[in-house]
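Two complexes come next, and they have one chain in common, chain A, joined by chain B in the first and chain C in the second.
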Partner chain A sequence: MIEHLPALMIAVPLFGAFTTPLFKKKPRAAALWALSITAVTLCLGILLVKEVTTKGMMIYVFGASSPGLVLPSGYHVPVRIIFEVDAMGAFMALSAVLMSFIGAMYSYSHVKFETGLEKYYALLLLLEVGILGMVLTGDLFNLFVFLEIAGISGSALVGFRNYRGEASEAGLKYLIVSAVASLMVLFSIGLLYGEYGNLNMAYLSTQIGFNTVDIIALGLLFTSFAMKCGAVPTHYWVPDAYSEVPAGINPTLLVATYASLYALFRVSFSLFGKVTLTMSSVGWIMSVIGVLTMFIGVTMALVQKDVKRLMSYHAISQTGYMLLGVGVGLTVINDPAKMAAFGRDAMAGGIFHIINHIIYKSLLLMTAGALFYVTGTRNLNEMGGLARKMPYTTIAFIVGAAAISGIPPFNGFASKFLIYETSYQLNPLLAIFAMVTSILTLASFVKVFASAFLGPPVEKYENVGEVPKPMVAAMLILAALCILFGLFPNIVLNKLVYPAVDALLNLSGYQTWGGVL
Partner chain B sequence: MSWLENLTLTSPSGYWNPVLWLAFLIIFAVIGYIVYSRGNRRYKPNTEQVKPFISGNAVDDVEQIRVRASDIYWGFMEALKGYYNVLMRMHTGDVRDYILWYLGVGAIILFILVGGV
Partner chain C sequence: MTTVIIKTTTKYLAALILTFGAYIIVHGHLTPGGGFQGGAVFASGLALLIVACEGDVIRERFKKVPLSALESVGALGFLGMATLGFMGYTFFRNVIANSGFPLFGEPTPLGINPGYLNTGGTLPYMNIFVGTKVLAGLTSIILVFYLLLEVRENE
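Then we have the complex of A and B:
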């Protein structure tokens, strides 16, 4: 069974997505079914990570019994769809399966009064399929297909509460933005296919000569994935989508956003990895966009009064840290001395920040969802004194807020620590912006804490209480992960993050499918 | 001490150890408690002592004197009014502008890459 893990990672949630509508008349059963499917996928994800980190890259070929069969005699190019799972892909897959499970658990209570829940859970599982496909595939066209699956299911979920005009508008905006980005990705794939007659990323990476057409393809792929991951100044869709999507979907939608970031890294390090000299300019572009993203994101967050919109702007801001960390690594990719001195650690900081951010931002968006569940509003001006009524949500919020602000010993600190130090070595100004952003992040969450949780009790919330147990459990699991990842960062770094960084840097390993070719 | 070293996250020019951090936290918590325990013993909760005093005027409704979220950091926003005016003009909420920004950024990136800047 182990050798079929990459395929099962897609097949199980896909099966779940198509069978969930059968529970149309039993929404509770649909919720439990989706929860079970995400739990099974989580177990498969853990097995996949274990397999990849202990035995190396996994290659799975569709339509052949072994990877070698993708090379028919006399025609030595791969023609079949291949899943190429290295440590970076496995790392992203683990984030996706974990957050889908947590999201399904939270949704069990959070959306129980909504109608059309069978569609909700089917779409949640489809979104998971889209993300997993994007991070596991080794085929460029396949990447586009899964990007589309994630985009369409994501936009349907953003507009799920279609009785709210804002949700329908946000869903439509997300759909348009996703469609434009996907169209340009498809156009770039067409350019590369037209030139090299192949869609396998590993094969293409060996062939790319970096002529003008290749540069146009790189530019379009870079811009499209940058927009899909919410980089400034193409970030405008993020607050719309994150604010309106039900809080139980926020974790998975967050991973979907970072699946595009993964695609951006894959394009930069693997597909175009051969042309290292030009990629250092791409690294500078990535770092500068990262700084702009973190600063503009946080300053916009500071002025928001809608709690979910505020947190959405923080999601943009935190994406900047990831772009900065990996951008610093990409900038020094053709300088082995600098790469060894700080480039690898910078990339580790950026990639570690992905999972840290997924954990604490999901937690914070869930606490925002809990506030909405209890008060029926997202307006911070109308909240106050809720700490007494919602003690567990308050604790979860404090942990999440401390983690996102980079306060030790929570997980955000560990990755930011690496990013500050390494970006300083490239250019001190980058580190200064990163630190100022952290201070403003803390200021922003102090505002949320003071307005929603502290202060005298508000009369109309006199009779409210803590949110239901499944929501509390989901939040506390994430809060515990924030603390554990912060207390033992070395374990996560050594077991998950550095293997992922090395997988990105090991171009020859990727090009030869881990030595199979 | 290898378990302690295992917990140490080293970076290019420093290190972070959560156990040391916790040790410092405990030390400062003890210092804090000592300061607290030497506080004013005449303090009595739930008496007139703890009521807000505003020039001797009666304070009726505490809910009305809350500092609301929109008012927090008012000074910061006022000081950066010019910056925020630009930011607000960028965030129109119009999906056509979203696509225009995408096209603009794409054009700049292509210019840099093709032009070899």
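Then we have the complex of A and C:
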């Protein structure tokens, strides 16, 4: 049964998503059902990571008579939909299943009093399916389909509190951005399909050359995935979407954003691996976009008063670190000496930062959701003195804020330090921007901490208490992960991150489906 | 909103459109079209019927139709057909084709032929399930819009 894991990763949450709407008028049952489905998927995800890191890439051919049959007798090109799971895909899948589980646990209490919960959980599971499909697939059109699934279910969830006008606006904005990005992706898939007559990414990457149509396709794919991962200058949808979505969806929505980042990396390293090997400008573009993203994101965060909006701008800024780390690696990919000296470590920093950021930003957004749950407002000026009332939330917030500012021994420090050290060797200016951004991040989180948790108690919140247990549990799990990843970064790096980096760099392995041919 | 013209046209056209939709769904594995297209045609026939009737009648009739449950059943059926492949093969494997199963399992003859309905394995089943899902989904969307329009007019 173990060889069916990649298909089960899609089938199980899809089954959950289709059965959840049947629990109409029983929101408790729907929540528990979704929680158990995400728990099962989490177990499957852990199994998948274990399998991929010990035995290497997993191939799954849909509809074939056996999972590994890429080329049936007499075929020279693959024709079926193929899932190609390497360590990078498994790494992203692990983040997705973990965060969906945490999100479902948090949602159990957080959205208890809303209506239409069976649809909420069905959409949460569909979003998970979309992310998992995006990160596991080896087929370009399949990638587009799952991108659409994630985009549509994500925008429906952003607009979930439709009695608030802002939520509907944010949902519509996210829908339009997703639709534009997906259309551009579809257009470039059309270009590549018209040219090479195939949709398999591994096969396409062996064929792609240096002609104009390919470069147009690369530009379109690069732009649209950068748009969906919230890089400057197409970051405008992030603050709206993140601050309006219910906090229980935030972890999954974050992973959905980084699934697009994964697709960006996959396009740059695998699909167009032959082109980027000779064109270091792609790597430079990625690094410069990264620096711009982190700096513009953080400067806009400094002036915010809405706690979730402030954190959303930080999410943009942190995406910049990942782009910078991986971009530095991509810049020196054609120079083996530099690659060994700092390129590989830079990419490790960028990819390690993905999971670190997903963990601590989910934690922070969930503490903001907890503040909203007890106070009913997101305005920092109206809060105060909540540390005495909500001790667990305060601890979780301190851990998250320290992690995002890159203070040792939390996980943010581990990945940021790798990025500072390596980007300095490419160009010192890059590292200086990265450090300044980190200091500004710390400044703005000190502001949040002081105005929400410290200070004299506010009369209005005399009777508020700690949030319900499932929310506390979800936050404390993430806080524990922040500390663990910070204390033992070498274990995570060796077990998860370096295999993922090597999988991205192993172009010939990807092109031959892990040595099947 | 409804007029004699709409009512009279619907009387003749609705049955035709519904039959055509069902035809496209069931013949999905032989002719152009399939579950989605047929389901959309079927739903447009239902939309015509909805438009031709009074709001109260529609509300009364559709109260008993479990549209969202039908949607789930369609999707689950599709997934179920795909999971059949886990019996020894892979996900989405067409296990029924050419197996001699009485419904849609006949062996497909080679060469030029008029097209045999009783072939195709899991494909016709999937078409039918997708058709169910699409017609339920689109009909419920139309219904929501129609009933909203009623509310707006009454205000």
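Just so it is clear, the second predicted complex is superposed on the first by the 504 of 517 C-alpha atoms of A that agree within 3 Å, B and C clash if a C-alpha of one lies under 4 Å from a C-alpha of the other, contacts with A are read in each partner's own complex, and residues count from 1 in each chain.
Please note the rule applied: contacts are C-beta pairs under 8 Å (C-beta built on N, C-alpha and C of every residue); 3 or more make two chains touch, one makes a residue touch a chain.
Please read these numbers as outputs of a predicted model, since none were measured by experiment.
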| item | value |
| --- | --- |
| First, second, both or neither for A:22, with chain B first and chain C second | second |
| Touching partner for A:473 - first (chain B), second (chain C), both, neither | neither |
| Which superposed partner A:173 touches (first chain B, second chain C, both, neither) | first |
| First (chain B), second (chain C), both or neither touched by A:436 | neither |
| Which superposed partner A:216 touches (first chain B, second chain C, both, neither) | first |
| First, second, both or neither for A:345, with chain B first and chain C second | first |
| First, second, both or neither for A:418, with chain B first and chain C second | first |
| Partner with the higher number of touched chain A residues, chain C or chain B | B |
| Residues on chain A lying within both footprints (that of chain B and that of chain C) | none |
| Chain A - residues contacting chain B, complex | 172-173, 176-177, 180-181, 184, 212, 215-216, 218-220, 222-224, 226-227, 233-234, 236-237, 240, 278, 281-282, 285, 296, 299-300, 302-303, 305, 341-342, 345, 380-381, 383-384, 408-409, 413-414, 417-418, 421-422, 425, 443, 447-448, 450-451, 455-459, 486-490, 493 |
| Parts of chain C lying in touch with chain A, wherever the complex brings them together | 68-69, 71-72, 75-76, 79, 82-83, 85-86, 89-94 |
| Footprint of chain A on chain B - complex, ascending | 6-9, 11-14, 16, 18, 21-22, 62-63, 66-70, 72-73, 76-77, 80, 83-84, 87, 90-91, 93, 95, 97-99, 101-102, 104-106, 109-110, 112-114, 116-117 |
| For the chain A and chain C complex, residues of the former touching the latter | 4, 7, 10-11, 14-15, 18-19, 21-22, 24, 60-67, 81 |
